[in-house]
Every structure is written in structure tokens, then in C-alpha cells.
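Pasting in a structure now, in C-alpha cells, and then I'll have a few things to ask.
Chain naming follows the written order as A, B, C, D, E and F, and within any one chain the residues start at number 1.
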């Protein structure tokens, strides 16, 4: 199925927390959006595997996703292997997205760093014809853009997506992952969270902080490496990049 | 007169050489474009003041400029004075452009550095109501964007404007400044040019080098500091920044 | 009067908005804190000069400041002059602070940039004996540290001050500047604010965003250029820098 | 055994040369310090394996180390494997240090780069509960800080530890590795040293150069990525970070 | 065979496109130059393996290479393995070059990134005596310099080699790789090229753009990390670094 | 008088401390070297104006300088004025040096920053014909290189000059400035020195630290902005830049 946008994330809920607002806006604009999760997030301290499957399905319904894949790599052990990047490249070719969204290659979580590198390599490799599986149904084709989303390590974004009109909906979306948002028992103080266990509050802080950078209430930051065609709609009529 | 875009340049011909293609494209798209030159370029080794006035007028005709101002600062002696930045801020308020284009604040030519700083300060000050001249006819109003164009010192651009369809016209535009393109006499070896006297050839090399960065034949690089609203037309329908 | 900390800010309310929490914490710890405002903030769209004086006095009472000076430079026209930096250096020598807090040298507001540069030069010059006014009562003496606080342009901070226990008090402090927080009339849409007129909300967003970086609820970011002696209290007993 | 500080180094003598002074100071302050060497340093041109074991033991006695582990990875062939980082994470959990000290992730020696990456990942993974070996006796727990020490490639340090009072002792400590400090035979010109064979002289130069940055005679540079809680003892009484 | 310069490239034609002019100049200066290609470039969309072998041989004749090795790693699947870097280190020791030229460690093509890392590690490891194969005929010896050449991602070069006098010859050299320069069939639109299929035109643009940086017509950019001995021939007589 | 190298420094003794070794080497190589000091250094805590004149003359004799100018700007009050940069540009034109050596534009001492900026602008302006004083005896001509030397703020140098063979002579040279090296009285504890009063010891530490970066005993660091022609003597015979 031809997609407009494909999101590549290390763990279920990473896509929703990082670019859930952007995905909701794309859905409203009738864009076809897919997600590839690299792992099942089975290291998460809280919730069973079946809890997580159920949660992801609930999120998918809100997002109206066209497709969601899972590479079933091992949580906490994501590595930049040839196999991982070629499997992802094959999915990219299959769905022909115009735009990839993926983790930044620098982050505190090693899985996020690896996911960013896998996506960066798969983006390039998706355009090499002879690397494709001979049985592939689609030819080599490289998405026009690769944007990185933000994890624990801040960067100066190229763009901030104004998610004001879907912010409440994004909150609902993240709440689908209920097991991640509540203590699993009396001894659970959210120790494995670097910056505190209150995921919803931190998500809101980040949305406000980056929204402010473009003068709106809530935003999601994205990074593009290298120059883009001039896209500024203030100058509509000027040639736009493909 | 309300403008869409105002270009701020140190010397006549700087605007044409740096963003002539962008200005031509804006004109084709029926945008109103103005230019503020800070000096008359009277230090140029070649050509008299009246030569230069005639040349600038020829360029203006090709560009179809709505307005062209000259602050008459001294060539080779541009400084970031309160007066210079407030005069420029007044012009910005008068014309209410959505977008400013100006030199980068780092360059080898001290006038270019100063012009970049004057523009950056004037951009900010144009939004301060009480700084305005009481006799001003327009209220304080800050353009939505400030983009920097490139001089001698390269930077990694945010955008490259595809100027392929107007490149030949840009060449004609720069040829208007004929006294700058030819030796003034037998002893003139273009000594005062840092990188050689063949302005047209260097302009073309730069256009090709930055065009290649976005996969087109000719381009002009622009820098935006800080994040922009998400503008990607690949995702039309997603909210666009004002 | 000997101070522990001297804060240098461009406009009244800059010190409070940027490092008000830090100043409140220092006051609770019985530290002597002073402020030097460079201007009266007379360009502010809202409120008269006497409004502002009254507001600053209210803020001073909450802060328990030991001293507050005003250089009476012109708002919107702060420049890095010899006189400005030497007057500030004289104040630094007079009060002998251990620590200076000042604007960063990069910011969107030209007054903030200039204030950061004035402070950086005054910090250095305060240690040059022969530069001192012969009538000065105190010898040359350079504060041990110069920290920069954040304006419009983000930077990666060296430290974040945990201001959780004084955050509500900081809110009160900023509310002293009531004329800055309310529209001055029906046509006042906060146009001269870059990122929106709701100063209190933006202050809270910033406090939450930087607090999160060190795992606390509210924080104020500070930048130190160059290495510091090893200060980590996790390793108390290890030698501390002067 | 609960430690205060755990040092992670690629080869025996790397810890001593890079942060020997810091370790000696910590010992004087009654802190418990441990070391994990990743290899036996068996590629060193000079000295046998038993020479090296004897040398390390002598260094341990001077340092008064609580514990010293060796992962027995292959010298010159250290790689960032899942196994390496999980073994190190298990050691971190076992000893519960507050602070990790490790190589920087950029260096000329590939083993140093790999050791820095292994330590950075292990630091993060030590906080993930389900990644822990079920037989582990200690729960998941992430050290509060990770500082990087310097190898061949300079960086701008966050802190410099003043090691003036233990510098002579550090010299003795490094002299424990006598086989590394003397030619192994007539053909040994120290070829495998990038910057010359005189390790003691280079160690002193570095100590002097970084000491000067904070105004003391001898120092050891450390890098912290991302902001720290405000630790400045000049402002004791202000809240300190955990 | 003792070499002056060894070039390390991912695919046949990478060396020619990136530093072909430099190699031609070295040949004219009677320097001995060798090349190590890491792969056979078998993923290239166009041309068979035997086509490529024939093309490389033609290029070798023009270059007058002393030696050309191929590690036969898999195209599109180059990884930074211990084996790859030690095989390269052995070749470096065997040929004792003074200077290595290799890909930059950052690039869009994952093979280029890996090739740059392999070369950086091999450069260091070539100086470690005990890592050498016991059967090696040459002792450990590290080249004095490692320069990186440029792929898709621009960097600010340390040096630009003036290739004006051999530029036409470089063009011939690249034309040896004829299968890479022509469509392989009607459906071949150069899709797998990031920036367009016209390799010769892009090579010329890059040569002009970097040549301009030093005031010459055609140049090739090189990066050296870390300081060099002072080499400026304007000051001949001043000591030169080895 | 035609010079090979012109050194631009803020205070007498800055040139000697920063690039004294380089100047001595140039003298040995029969190069003609000149110095422009911007001030008399009259703010120095120690020594009278006549002391300083005598000291500078002694240093000149050791250096065998062809010429030494003094712009007599005010110490502690150096500003980047049009007059300062044009006076320096006139001196540059008069002496036609191939190479300028000047302070870096970033430093803790404001005079050093200003001196670096004045030199950078004067370097550019020296090539503009019409800016020259009509009475000038020499035409516009820009030196081929501008290198920056290091003050208080470290940078990653492009080159390190090996000054091993003249290091003892450099020590003698700096000792000429005896009043700067000794306390002026009992209350003089070197307070105005940022990093301690022992100038000779700090000079040696810096020489050792940067020498080590290129594998020699003593070195002086220099920075060149932007690419240079390829100068590597390892590859003599390859074309050299002008």
C-alpha cells in the first residue's frame, strides 16, 4: 500500500509520544500514515505482552493507521545490523512513502540511537535497485525526506509542527498506553525513567516548550539534515521543491 | 506600500548576485519585492557613481521592483549604528514585508557582516511600538521571517531556492552591472576580488553547487535561524505556520 | 556593600523573569544579592515610567535585594560603549560579588546581546587595577564566576537551578510587573512580543522544560563558559574550587 | 559492595593516567572507588602478562581500591557488543555507584571510543529492571552522573579536578606501570605511541595545561553531557542537585 | 612496496571521483600511489562485474598506480568489523605510506561512513606492533597523516588541492567508468543517484566550488582532524613538520 | 619596506608571548618580520611607561624586527573603529606582508577580541583600492593569509609551529618584559592575571601542550579560517598554493 508518511520507532508508544500530534494531523488531512515499531517494548517495567498489544491496537484505531509493522527486534538490544536495515528498506520500498519520520541518531537510550541509524541507512538503501530482494513487488525508491524526532537529547529543530488543534486527542492517544502511565505496584517509583515517571506531564511540557518557539501553544520538533527546497508558503507561487 | 519581501544588501549588485533568482521568481509570482541598499558601492574599483546609478536602474527594470531605497552609508565603512538600524526599522514598518532577506552576520567583507547585524536588529526593533518615530504612518510590525543569504563564507543552508527557470534571466540581471564585470584598465587584474574577478562564473558555480544539494540545476542558499513552522508541501493539509 | 551575587539585566523585569527563582533561593540562604538594570525599560508598550518604578520597588521588596542600580541607558538603544562597561566594572568593584549573572551574548533582542557583552567585558575589566577610577574606594577584583542566563535563544545549559520550592513566589514576583502582563488597551494584542503576550505562561513552560532536564519540576538554566573546578557534591570531600 | 565511584577504562593504566589524581583524592576523602578494565592490555609492546598483573596490583594498593574487575575483552579489538554492555551494566548494578567515570566516545584509539560507548550504554541500561539478570542480587539502578575523561582528543571540559595535593602521588601511581615507561629493547623507539613515549612527561603537561584553566597547578579534565543541578559552592545554601 | 600515498575507498570509482585529480598530480610528481577498494561495487545498477573490472583496469593505467587491492567486502553491506580493519591495517603496514586518504566518517551512503571508520581505525592499529600478523614482513608503522575526502555531505576542508592542470585528465579518468555514466536501459532514470545521474557534471561543479575557495579553477577538498605542523610554504625556511 | 610577516597585537609582550617562537624562527630563516602593537600597555599594573619602552626595545633587538609600529590606542579601551582598522590597513599596504598573524576574535580580554576584529577587517580592507589614502605610496594589496594566535580561550589549531629549537631564546625574549614578571610591591599578588602571575611557567605549559599535539616538545598554535591550498611537504612536487 502506498503511504504518504512512514514512522520508524524503537518501542510501541515512542511514535505516539514523539509525533502523535503530527500523525493525527496527517490523518485529518487524509494522508496515509504507517508505523514500523522495531520491538515489542517487552522490557517495559509495567504491563504484560498482551496488555501492550491491546494498547497498541487502541492507539492504532485513534490514529487511523493504514498499516503498522513490528520488526520484533529485542527491546534493550536493538543493534544496527545489515538484516535490520534491509528489512526496513524492504518495507520502505513496499509502501513508497514520501516522508520518513524516525528517532534522532543521538539519544540517551541506546535503542533510540540504533533505531535512528537503522532508519538513516534504510532510507539510503531503499533507493539501491540491486539491493532489493528479487521477489520484491516494488522497485527501489527512496523517500524524498527523512525527518528525525526528539527523544531525551534536545536538538535545534528545523521545523515545529503546530499540534494545537489535536493536542487533547494526542493526550488520549498516549493514554492508550495505560500500563506505562501507572505504577505496577508499591515498589514502582518509576525508577527506570530518566526524567520522572509522569509521561503525560513531560509530553505536555515539551509540546509547550517547542510550540513557543514558533509562537503557538503546542508543537512537535523535527530535524532535517541538509538543505530543503524553499517551502515557505509566505511566498506561495515561488517554486516548491518536490 | 505593502511589500511581500524586502531585501537588505550592503552594495548595489549584492542583492542581485546573492538572491537575484529568488527575486525574479517572486516577481513572476506577482509578489511585491523591495530592496534597501546600504551604500552606493562607491568604493568599487571600477565605474563612476553615475555608471552605477544607471546600472542599478537597469537592474530594477528587470526585477520589476516595487521600491528601492538607499541609506547612503559609506562604502567600506558600514557600521552597526543606532541610526542605521532605526532607519532600516522605519523602512520595514513602512512597507510591512512578510519576509526579510539580508546578508549573513558572518562574512569576510566587514560591510556584509555589519549589514547582516543591522538587518537582524532592525527586524527585532521593527516590532517595538515606542521605538517608532511618532510621525510614522504605520504601526510597529515585525516581519514573520528573516532569512540570511550567503556571501564569501559558506554555511549549511536551511533552504535552497530552485532558480533553474530564471537562471538565464539572473545572468542578464547581473550583467547590468557591466562596470563591475570588466577590467577598468590595463593595470586592473581584479586584485580586490578575493576569489577572482570573474563574477559571472563564480555566480554560476555557486548556483550549481547549491542546486545540487536539492537535486536541481541552479539554486540560491538561504539560512533561517531557529525553528520554522512545518512547511513541507509533501504534507499539504497539515497545518502551515503563519 | 559586599555582595555574594550581582545580576546584570537590560530591562527591569528581565532579572526577575530569567533568574527570579535563583535570586529568591539565594535570599533564603542569607546571600546578599544585588541587581544592575541597564535601562528603565521605557520602550515597553504598556505602563508609564512611574508605574514601572513602583513595580520594580515591589519586586525589590520580595527579593530582599541588598542594592539595585540603574545605569539609565536608553531602552532599545543599549550599546557596548567604553563608558557602559567601565561604569558597570566600577559597580562590580564596589560590591565585590563572587558571582555575576548576566544575559547571554546571543539573543534576539539587541539590548540583551549588548547587555551580555557589557557584562562580559566588565567582568574582565573589574580585575584591572589601573583601569579603576582613582577615587574608587575598592581595589580591582574580578568575580570568580560569570554565568549567563537565557533569553529568547536557547542554549545547552551548564547548570539548571532547581527552583521548585520558590516557584509560586517567583510567580508573585513577576506579577509585580502588572503593567507588562495586561493589555494596555483594545488595540494591544501583544504585538511586540515575539512569542506571545502571556509572560507568566511562557515563564512556567521554560521552568518546566529546564527542570525536566535535571529531573525536577521547575528550573532556571545557566551557562558557564570554560571549565569549572569540580563541584560535584556527590563527591564531597574531594577538593572544591575557589 | 556499594561504591561511590566506578571508573571504566579500556586498558590497565588508562584509569591511572587519566583520572589517577581524582581517584587518589576520592580515597583520601574516604570514598569507595572501583575500577573496571575492559582488557588486560596484552597488546602493549612492552612487558609480559604477568608483568602487567603485578603492576596493576601495585597500583591498586596505592589507590586503595575497593574492587577492580577485568572484562577480559581483547586488547585492540574492543567492540560495542550487547554482551559487553550488559556485563558492565550488571557490575554497575552490583556496586551501585553514584558516579561513573569513563573514556570519551571520541578518541584516536578505537578501544577508547568503544569503551566510552559501552559505558554510555551500560549507564542507561543499568536502570532498566527487566534487562537485569534474574539472578542479580541488586535491583536496576542508574548512577546519577556519567563523566567522560580525556584520551588523545581534547574537548572543552565541564570540570577540572584540582589534583595539586596528590600530583606526586599520581606520578608514583603511574610509575607502577614500569614496563610501559621504558623501552623494551634497542629497537623500541616508542613507535606505537602517537605523541611520543614519555608517558610521565605528557601526563604532567596535560595536568598543567588543564590545571591552568581553573587557576591551579595540576588538574584532570572531565566532561558531563547535558545540564547538571547547580552545584556551585560559592552559593552554598542554594539547593544542591542529587 | 613502499608507497607515498594510499587511498581507501568503498567502491571502484569512488577514489577517482573524489581524489582523482590529487592522484594524478602525485603521479606527475613521481609519487608512488596505491588504492584499496573495499568492494567490487557490484550493487551498481549499471554494468556487469566484468565491465567493472575492465573499467577499473583502464583507470589504473591512467593513474599509473603502483598497486590496487580489493577487500571484496559486500557492496551496500560494508561493516566496521575487526577483520576489515585489521586486513586494511596489514595492507597499510605492508606498503608503509606516509599519507592515507579515505572517506569521511559522515556521509549519506552507509558504505562511505563504514569505509571512513575502517580507515580511521586501521590507521591507528597499523602502529600497534603486537596486533600485526606474526607472518607480516613489515613492522608496525602508522602513516603520518590521515586525510578524509568528501562524499555527499559537505564539510569545511582543511586543504583544497589545486587540480587545474590535470582537470581534463581527471575527466578522462572518470570516463573510464563508462557503464556508470550512461543509462542501462529505457527505464533507467538514474533513480538511485541522490543528486542526479550526471556524475561528470556534478564532479565539475564540486571541483569549481572548492577551487573557488582557494582562488583557483578546480579543486578537491580534504579534511585533516587535529592540528598539523606548520606547513606554509610562504614561510619556507621555517621548520616543517614531518 | 616589504615584509614577509606582520604581527598585530594588542599590548607590547602579547606578540612575544603568543608567537615569539614563530618570529624567532622566521628571523633565522631570513624572513622580514614586523609588529604592530595597538597600545602601549599602559594599564599593566607593573612598570612605568619608560620601563615598557625599554623592555620592548630589548625584545626588538632579540627578534631582529624589521619594523615595529604602535597605534597608541588606549589600553583596556581598544575598540573596533573605522579609524583603527583603516590605519592598520594602511600599514599593511605599506609593508605588503604575505602573512598576517593576529589575536583570535574570541578571548576573555576585550582588547584581544577587538584587536582580532580590527586585524580581520584590516586584512580585507587592505585589498580595496579606493579605500586607500590617496597619498599612499603602495597600491591596495591583501596578504595571502591571516592566521590567529591564541590568548586565554583555547581553540583547535590548524597548525602548530614547532619552536623546539628556539624555545630557550623565546624564554629570554619574554624575560625582556621583566616588570611584567615580578611583583610591583608587597600588595601585588598578581590579582589582575586570570590564571596566575607566573607568565613564564604558563607560557611553557602551553608550548608543551600544543607541541604534544604534533609530537614535538614545544609548539605555538595558529588558526586559519577556511581552506588552504594543499601544503603538505610529505607530498612535495604536488602543486603548492600561492
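Assorted remarks:
Keep this in mind: contacts are C-beta pairs under 8 Å (C-beta built on N, C-alpha and C of every residue); 3 or more make two chains touch, one makes a residue touch a chain.
Being a predicted model, the structure only gives us computed values, none of them experimental.
Farthest from chain D in terms of Cα centroid separation is B.
Interface equivalence for A-B, evaluated over E-F, D-F or A-E, points to E-F, where over half of the contact pairs coincide by residue number.
Separating the CA-averaged centres of chain B and chain E is a span of 39 Å.
Computed centre separation for the pair chain C/chain F is 36 angstrom, with centres defined by C-alpha atoms. Here the spacing of chain A and chain F, counted between their Cα centres, is 53 Å. Multi-chain contact residues of chain C (touching two or more other chains): 156, 194, 213, 226. Contacts between chains form some other arrangement here, matching none of path, ring, star or all-to-all. Of all possible chain pairs, those that touch are A-B, A-C, A-D, A-E, B-C, B-E, B-F, C-D, C-F, D-E, D-F, E-F. Of all residues in chain C, only 4-5, 22, 25-26, 28-31, 98-99, 144-145, 156-162, 165, 210, 213-214, 216, 221-222, 226-242 touch chain D in the complex they form. Per the touch definition, chain D reaches chain A in the complex via residues 82, 85, 120-121, 124-125, 127-131, 139-142, 226.
By the touch criterion given at the top, residues 42-45, 76-77, 79, 108-110, 153, 191-192, 194 of chain A touch chain D in their complex. Listing the residues of chain B that touch chain E in their complex gives 154, 156, 194-196, 202, 205-206, 208-209, 212-213, 215.
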